[in-house]
Every structure is written in C-alpha cells, then in structure tokens.
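Both complexes below contain subunit A, partnered by subunit B and then by subunit C.
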Partner chain A sequence: MNILEVKNLKNYFHTRDGIVKAVDDVSFHVAKGETLGVVGESGSGKSVTHLAYLGLLPSPPSKIESGNVHFQGKDLLHMDLESLRKLRGNKISMIFQDPMTSLNPFLSIKTQLMETILTHTNISEQDAYKKSVEGLIQVGIPAADKRIESYPHELSGGMRQRVMIAMALLNNPELLIADEPTTALDVTIQAGVLELIDNLKKQKGMSVILITHDLGVVAGLTDRIIVMYAGQIKEEASTFDIFNTPKHPYTKALLQSVPRLDTTKGNRLLSIPGLPPDLAKPPTGCRFHPRCPEKIDKCDKEEPQLKEVGNCKVSCHLY
Partner chain B sequence: MSSIAKNYETIRIEKGTSLLRDALYRLKKNKLALFGLSILAIIATASLLTPIIAPYSYEEQDLIYGPQSPNKEHIMGTDDLGRDLFTRILYGGRISLMVGVLATIVSLIIGVLYGSIAGFLGGRTDNIMMRIVDIIYSLPFMFFVIILMVIAGRNIYNLFIALGAVQWLTMSRIIRGQVLSLKEKEFVLAAKSMGVSKGSIILRHLIPNAMGPMIIYSTLTIPTVILEESFLSFLGLGVQPPMSSWGLLITDGAQVMEIYPWMVIFPASILALTLLSLNFVGDGLRDALDPKAKKD
Partner chain C sequence: MIRYILKRILSTIPVLLIIATITFFIIRIVPGGPFDSEKALPPEILETINKKYHFDEPLYMQYLRYIKDLAHLDLGPSFKYANRSVNEIIMQSFPVSFELGFWALLFASIFGIIAGILSSLRHNSRVDYFFMGLATLGISLPSFVLGPLLVLIFALHFNILPVAGWSSIPHMIMPVITLGAMYTAYIARLTRGGMLEIVNQDFIRTARAKGLKERTIVLRHTLKGGLLPVVTFLGPAFAGIVTGSLVVETIFNVPGLGRYFIQSALNRDYTMVMGTVLFYAVILIFMNLVVDIVYTLLDPRVKYE
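Let's turn to the complex of A and B:
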C-alpha cells in the first residue's frame, strides 16, 4: 500500500525575473515502511517538492500549478490549511538540515518538545513531559531527564540533531521526511544519526523520505532512489539498480564523482562540467543536455518523458 | 551506547542557562548599568514609600516665611506657596514614574502585537498595516494626545493610555523589522513543520527572540513619556494641582528661576539623574543582550 502518492506535481515560483519552475511534473510514491531516497545537487528541487505539498512554502511567490498529492488517501492539495497544519508534526514529520538553527535559541528543549506534543494531543503537561523525556531516551541522549532542561546552545550539533529527530517522532508519525539530516554534522556523527533514523524506522514501521545530495548516505539506508535534476525526476530505481546499473547519464556522472575506496590510484575524480541551469530559463529539450556526455541530436529539441526501462524509470532519449 | 549512557548519568549536569540568564550575568559586570540600576531602585523605593517617608503633606503650606531656601526643616526649601519641595518631589516622582512605566507598557503591548503580526503575515497585510503607522506618524502626536485626553476625559489613567497610544509606533516598526528577519529562520520553518499554529509561532517563537530590542527601546521610551507628561501637565491636561509631577515642578520652578533657583535645581537634577540612569541601564542591556558577546 502506498502511503504517499504524488502525481504530476508542478510548483512554480512567480518572481520578478520570471517564472521559476522549481518542481516540474514530478510523480512518485512511497510505500508503507519503505525508505525512499531523493538525490540531486543543490537547486534540483528535491527539498522544494516536499515543502510544497506540506504547505510550507511562502505563497506568493510559490504556487502549486497542478498535480495531485494523496497521503493515506487524503488529498493534501485541496485540504483546508487547518487540517494540513494538524497533519504536520503529527502524521507527517520533518527533520531539517541544520540543527544549529532549527531549534529556537530562546526556549529550552523541554518547552519545544512539549509544544510539539501539546499542539496535537490533548494530554496533561505532566504526561507530555514524560513523553518528551522518553523521546529523548529513544534517540540516545544521556541523562535525558536533566538534558531536557538545556537550551539549544548548550548542546553539540549531533545532540541537537538527535533532539530534532526526537521531536519529529514524538507523535509517532507515519511518514518522516528527513531533509539532508546529516549535512551539517561531521562524518563520525553522520553514521550514528543515520543508523538511529534507520532503527527507529524499523521499530515504528514508518515510511521515510531521505533527501540528500550525498550518495553515500542513501546507499545503505534506502530501498528505492529518485534522482532529480532541475526540478524533474531523471531516474527512479531500486537502490541496488541505481548503484549497479545506472541508466541516465546524469546518474552515471553523479556516481563517478563520488570518491570510492576501490578507485585505482592516480585516477582523477570525475566532475560534471558546467552548472545546474537557471530554472527561470531552463534549456530546451532535456534540461541536462548542455552538460551531458552522451548527448544525441534530439536532446536539445525534444523533452524526454519518464518511461519504464526494465525495472527502472528513466527520462532520457537514449532508452 | 547504553553503557556510555549510564556513565553519563552520574555526571552532574548544570541547569541550563538561557540567553536571558547570560545577559543578566553580563549586565552585572557593567558598572555604569549597575550604578543606573541602583539609582533607579532608590528612586522607585522612595516613590513607593512616599506616604511614610515624606516629612509633610504635599499640600501643607508654611506661609510665614514665604518661599524658603533649603534649611533644617525643609531640606530642599519650599515653593512660592510655602509647600515643602522635598515632599512635592517625592509625590511628583510617584506620578512621573507611574506615567513612564505604565504608558511604556501600553505602548509595548500595542506596538509588539501590531508589529509582529504585520511582520509575520507580510505581503499586502503588512503593507496596509505599516502605511497606517506612517499616517499616524505624520500627525502631530501631541495634538493627537490632546484630542484623546479631551475625548476620554482628564484623568491620570487616560493619560497613560493616551501617551502609550502614540508611543507604540516606533516600537511596532522595530518589532516588525525584527520579525521580518526572524521569520525566515529555520526554527520557524521547523515549528511550522511540527504543526504549530500561527498564533503560537508569533507569541512563543518570534516575540521572545525580539526581546533584546524590545527591552532597550522600552528603557528609552520611559524618559520620553516622562517628558511628554510634563508638557501635557504644563498645558493643564496632565496632573492637576495641588498634585504634582516632576515636569510640573520644573515648569513652575523655571518661572522663578532667577529669584528662587532651588525650585528648579532640585526637581531638575532628580529628573536628569533618573533619565541618565535609565539610559545607562538601556545601554548596558543592549550590550548584555547582544548574542554575539561572549560570556566573559
């Protein structure tokens, strides 16, 4: 059963310099208990897609042009704002990139955790406090009953991200959206946080969307991966297929630009030439063609559609 | 993991220090601000205890000698109606400080709510709300206070409200500016993603973060309001004789400055001392609340 179904979602930003097509015809789904990885470089629309259907983008300038988003059968795009607000933090939770700025510096951890619970459930403050402490214990924060009194600046980055995770999981969400949860952390802590997310996911049986630009992060954790480029999905396949038989030239290039332990000494690390396109004036045809090493004639004329190739979906004229 | 956790539990963890507590710590190291605070404390206590410590009643006259220069019975002398000046300064201080504090609180409440709503909602709402502020700004505000006082009737409580109602404009602009930048911070997005309602975001997340400028501007509003009250009293709209305020005492004293200098020197020095102290405290608070300042 699919917990989240996104169909042909288009979200544009109406700016003074024109219409920025940040999310352009994106379709995907998340099954129950599944971990979906969303990969792409900065500005590929990987975060905006999810912020858009949760109603977290400022409007104007952002506007959902068309599409369908269903969460557990409920239409998110035509829901009134109040019901959508009640869904956020309750059934769907989010973790953000930078734990340094995602917590309010003026409020203690306790206040912020309890606020999340009391916003959605009608329980006494004492019960909310107990649940908050349990939440902190669950994410492995030592001396949780004392730490809960702390203010954000007294915690380290890894600790704060754990607090954020605890906060996101307090109301036992069905879907957790982790938006680059480890980008701001150093490598040793990254592994711990990812493992934590994975364990909690298995414990609670929830679905996870893991947004990242780090292929190493998604490799071990996800079941399926979506590769995004310039607001569009370029390839969708199981994690195994993405890493073993990448189809789209962009996916191949991404994989080659990651340093690996088994690269032969002396070989230079590949990088993708050029820059991601300006989404106010995207290139004609395939948006990747100016940087594509396998470009053919019709690439700059005709826009490729996402089509099934074997077990995968690819949007490329080569297939 | 769990064994490490157990070891940690034996370590005593100090109670969290909030930014406000840090600020207080820094304020304590600022001598000038401390000096200001103690002067203010003395003046505030004297005002509170006035009925007990005042040597005379504020309307009691000693007409035998006419206006007296400072002497044993009247340490600050008497005014031209033979009333003890020290007593009148004490009573006047109650009025002046009360006007200062209450009118500032009124302006704080209106300004903070108005400014934070405008800043948070943004867009057209913000535009309309701030243009209203601009229009009120362009009116001669004393004129505005006078109209309010005439409509609402001349009593001291209406004075608080009227003064507060014109002082909130700058406060709302300051808070709006703060909120505009704060609402783009990630913790606001995080709060939204947790389903926190708009009202809670404004009240619990945005306003506390704008506390610094709020407190500082308040300490600067108090002296302004005290001065405005004296101007209104001078026009006969504020405090009515025989009651007095510092502003009124100074106005009276200034008229006879050449013959009875003490009548202006004493109230003016007390007012100046208060305003100076308020400015020192405001200055100290500004430094103390600066989050970039280190805790040393």
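Let's turn to the complex of A and C:
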C-alpha cells in the first residue's frame, strides 16, 4: 500500500526574472514502511518537491501549478490549510538540513518539544513534558531531563540534530521526510545519526523519504532511489539497481563522483563538468544534455519521457 | 549578573567625569557669559557678581570647585534664574517631562509594534503599504507642524481638547500624540524589519513544519527576536523623550525640562548647561544598562559575566 502518491506535480516560482520551474512534472510514490532516497545536486528540486505539497513554501512567489498529491488517500493539494497544518508535525514530520539554524535560538528545547505535542494532542503539560524527555532518551541524549532545559546554542551540532529528530518523532508520524539530515554534521557524527533514523524507522514502522546529494548516505539505508535533475526525475530504481546497473548518464556520473575505498590507485575522482541549468531558462530537449557525456543528436531537440526499462524507470533517449 | 550590573554602574563614574570635564571647558570657550546683556552692568556690580560666583578665580579652580560640588550631587546655583539651584529646577520640571515622555513612548510602543507586526504579516500588501506610508509621514512630519495642526483641528475647530497647558488628562492628549508620532513611526518600521528578518529564518520553517498555529508562530517564535531592534531603539529613545522636548513643550506650554536644554545654552547659564547635560547622560547610561539587561531576557544567547 502506498502511503504517499505524487502525480505530475508542478511547482513554479514566479520571480521577476521569469518563471522558475523548480518542480516540473514529478511523479513518485512511497510505500508503507519503505525508505525512499531522493538524490540530486543543489537546485535539482529534491527538497522543494516535498516542501511544496506540505505548503511550506512562501506563496507568492511559489505556486503549485498542477498535479495530485495523496497522503493515505487524502488529497493534500485541495485540502484546507487547517487540515494540512494538522497533518504537519503529526502524521508527516520533517527534519531539516542545518540543525544550527532549524531550532529556534530564543526558546528552550523543552518549549520547542512540548509545543509540538501540545498542538496536536490534548494531553496535560506534565504528560507532554514526560513524552518530550522520553523522546530525547530515545535519540540517545544523555541526562535528558537536564538537557531538555537547555537552549539550542548550548548543544553541539550532533546533539541539536538529535533534538530535531526527537522532535519530528514525538507524534509518531507515518511519514518522515529527512532533508539532508547529515549534511551539516561532522563525518564522525553522520553515521550515528543515519543509523539512529534507520533504527527508529524500523521500531515505529514508518516510511521515510531521505533527501540527499550524497549517494554514500543513501546506499545502506534506502529501498528505492529517485534521481532528480533540474526539477525532473531522471531515474527511479531499487537501491541495488542504481548502484550496480545505473542507466542514466547523470546517475552514472553521480556514482563516479562518490569517493570509494575500493578503486585502484591512480584513478582520479570524477566531477561532473558544468553547472546545473538556470531553471528560469532550462535547456531545450533533455535538461542534462549540455553536460552529458553520452549525448546523441535528438537530446537537445526532444524532451525524453520517464519510461520503464526493465525494473527501472529512466528518462533518457538512449533507452 | 549582579556583579555585572554593579560593574556597569561603577564604570559610569569615570564616564560622567569625562563628560563633565569636556562640557565644562567647551561652554567656557563659547564667547559671552551669563551676565552679558545689551546694557553693560556697572563695573562694581559685575565685580560683586563675579566674586559671588567665583568667576574671579582661575578657571582650573572653578573646575575643581564644580567637581567637588558634583561629588556631593550639587549642580550649583543657576546663573540666570536668581535664587534657584539647578537641582531645584530639574527636580521641578523633570517630573512633567517624564510624564509627557512616558505616555508618549507608551503610546508609540503600543501602536508602533502593532502596526509593525501587521505590516510584516501582510508583507508587501495594502495593509503594509498603508502603515509604512503612515510611518514615513510620521517620520517626516515635524512636531512643529503636527502640533499646531492638532490644535487647529481638535482645540479650535471641534473644541474638544484644551489648546495648551498641563493640568488634566485632556491637556495631555495632544502633546502625547505630537511627541509620540515620530517614535511610533520609527518603532513601526523597526518592528516590521525585525519581524521580517526572523520570519525568513530556518527555524520558522521548522515551526510551520511542526504544524504550529500561525498565531503561535508569530507570538512565540517570531516576536521575541523580532523585537530586539525595537528594544535597542527604546533605550536611548526613552532617555531622550523623558528629558523633554523644546518644541512640544513650547507649543503646548508644558512646564518641562526640554526648554532648559536650549535656553541655558543660549543664556550661557554655565551650571544649568552642565546640569542638563549630566542629567541626560545619567539617564542615557542607565537606559543602555536596562536595554542590555532586557536583551538577556529576550535572547538566551546573550550572557554577561
């Protein structure tokens, strides 16, 4: 059963320099209990897609142009704002990239945790406090009953991200969207945080969307991966297939730009030449063609569609 | 914290000493003296006066004498208002200016903050343009225009408020509005700017993602940080406004401290100049301390050792 279904979602930004097609005809789904990886460079639309249907983008300039988004059968795009608010932080939670700026520096951890519970459930303050402390214990924060009194600036980056995770899980969400949860953290702490998310996911049986630009992060955690480029999905496949038989030239290039321990000495780490396109004026045809090493004639003329190739879906003229 | 406050209070002594010294010599450099008038006084009278006020002593002696009195919180006699000490004049007029300034700033804070919040919530909408237009008007309209305009409308045309004076609440309404208008405008702009700054922060997105109600996001998550610029402004503004305004006090004939600031300088009333300057300095320093303490209440990252 699919907990989330997104069909042909288009979200544009109406700016002075023109219309920026940040999310352009994106479709995907998340099954119950599944972890979906969303991979792409900065500006590929991997975060904006999710912020859009949750109503977390400032409008204007952002506007959902068309599409359908169903969460547990409920239509998110045509729901009134109050019902959508009641889903956020309750059934659908988010963890953001930078724990340094994602927690309110003016409020104590206690306030920020307790309000998350109290907005969505009718329980006493004492019970909300107890649940908050339990939440902190669950994410491995030592001396949780003391730490809960601290302010964000008194905690380290790793601790703050644990607080963010605890906060996201307080209301036992059905879907957790983790937007680059480890990007701002030290490498030594990254593994611990990822493992924590994975363990909690298994414990609670929730679904997870893991957004990242780092393929190394998703490798061990996700069931399925979608690769996004310039606001579109370029490839969708199981994690195994993405790593072993990548189809889209962009996916291949991304994989080659991940540092590995098992490469032979002397092999240089590849980087993808060029820059992601300006989405106000995207390239004609396939948006990746100016940077593509396997470009053929029709790539700059005809826009490829996402089609099934074996077990995968690819949007490329080579298939 | 208490140690910090004590340290700050003690550190005001050298600051005040420096201000006293600079003011003392600057006002003496200015040509003319307190007893110069169109018609020259007879030399024997001048001599008596000079002797009485120790003007016959060398300047450094006069300075030391002044500092010695100052250490006893005695600001000396006024040179212009015979038989009245500077302490007396300040004690008599300051409460009036304080009352006027207090109400004006309270009025300004309430309306300025509300207008600023509404503007920031409806950023770039008609509400925003309306309040910010009004604020620009408030900043650019001088009180010597606004005051007489109010008098014309409410006192002379509609006859519902007294023209001038300072004896009852109706007397206070127009001076408070005239004095507070510019401050209201500043506070509205600062609140709007502060709120917009915070609204675009990541943690506000987090608050939305948590499903908090819009009211909670504004009142709990945005306001504390958004008001920091206003607090910074309010400290010096309070010091300035409670020590009186020449224009407003003159228009409405309010017996406040404001006019002494200007008149004493014009009169070369040396002790009165020193008195008003030092009095203002003390209040300003005190208010800056209050602002710094309020910071610690608003922003937990601010700590003083």
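The working rule: the second predicted complex is superposed on the first by the 319 of 319 C-alpha atoms of A that agree within 3 Å, B and C clash if a C-alpha of one lies under 4 Å from a C-alpha of the other, contacts with A are read in each partner's own complex, and residues count from 1 in each chain.
The rule we apply is simple: a contact is a pair of C-beta atoms (placed from the backbone, for glycine too) under 8 Å apart; a residue touches a chain by one contact, two chains touch by 3 or more.
Everything quoted here is computed from the prediction, not taken from an experiment.
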item: Clash or fit, subunit B versus subunit C on superposed subunit A; value: clash
item: Dominant contact partner of subunit A by residue count, subunit C or subunit B; value: B
item: Subunit B versus subunit C as contact partner of A:M167, first or second or both or neither; value: both
item: Partner chain(s) touched by A:H120 [first = subunit B, second = subunit C, both, neither]; value: both
item: Touching partner for A:N104 - first (subunit B), second (subunit C), both, neither; value: both
item: First, second, both or neither for A:G73, with subunit B first and subunit C second; value: neither
item: First (subunit B), second (subunit C), both or neither touched by A:E149; value: first
item: Touching partner for A:L56 - first (subunit B), second (subunit C), both, neither; value: both
item: Touching partner for A:M94 - first (subunit B), second (subunit C), both, neither; value: both
item: Residues of subunit A at both interfaces, subunit B in one complex, subunit C in the other; value: 54, 56, 85-90, 93-94, 96, 98, 101-108, 111, 115-116, 119-120, 151, 153, 164, 167
item: Residues of subunit A that touch subunit C when the two form their complex; value: 54-56, 85-90, 93-94, 96, 98, 101-108, 111, 115-116, 119-120, 151, 153, 164, 167
item: Residues of subunit A defined as touching subunit B within the complex; value: 54, 56, 58, 60, 85-90, 93-94, 96-98, 101-108, 111, 115-116, 119-120, 140, 142-143, 146-147, 149-151, 153-154, 164, 167-168
item: Residue ranges of subunit B touching subunit A (in the complex, touch as defined); value: 1, 4-5, 7-9, 11, 13, 15-19, 122-123, 185-187, 189-197, 200, 204-205, 208-209, 211, 291
item: Residues of subunit C touching subunit A in the complex; value: 201-203, 205-213, 216, 220-221, 224-225, 298-301
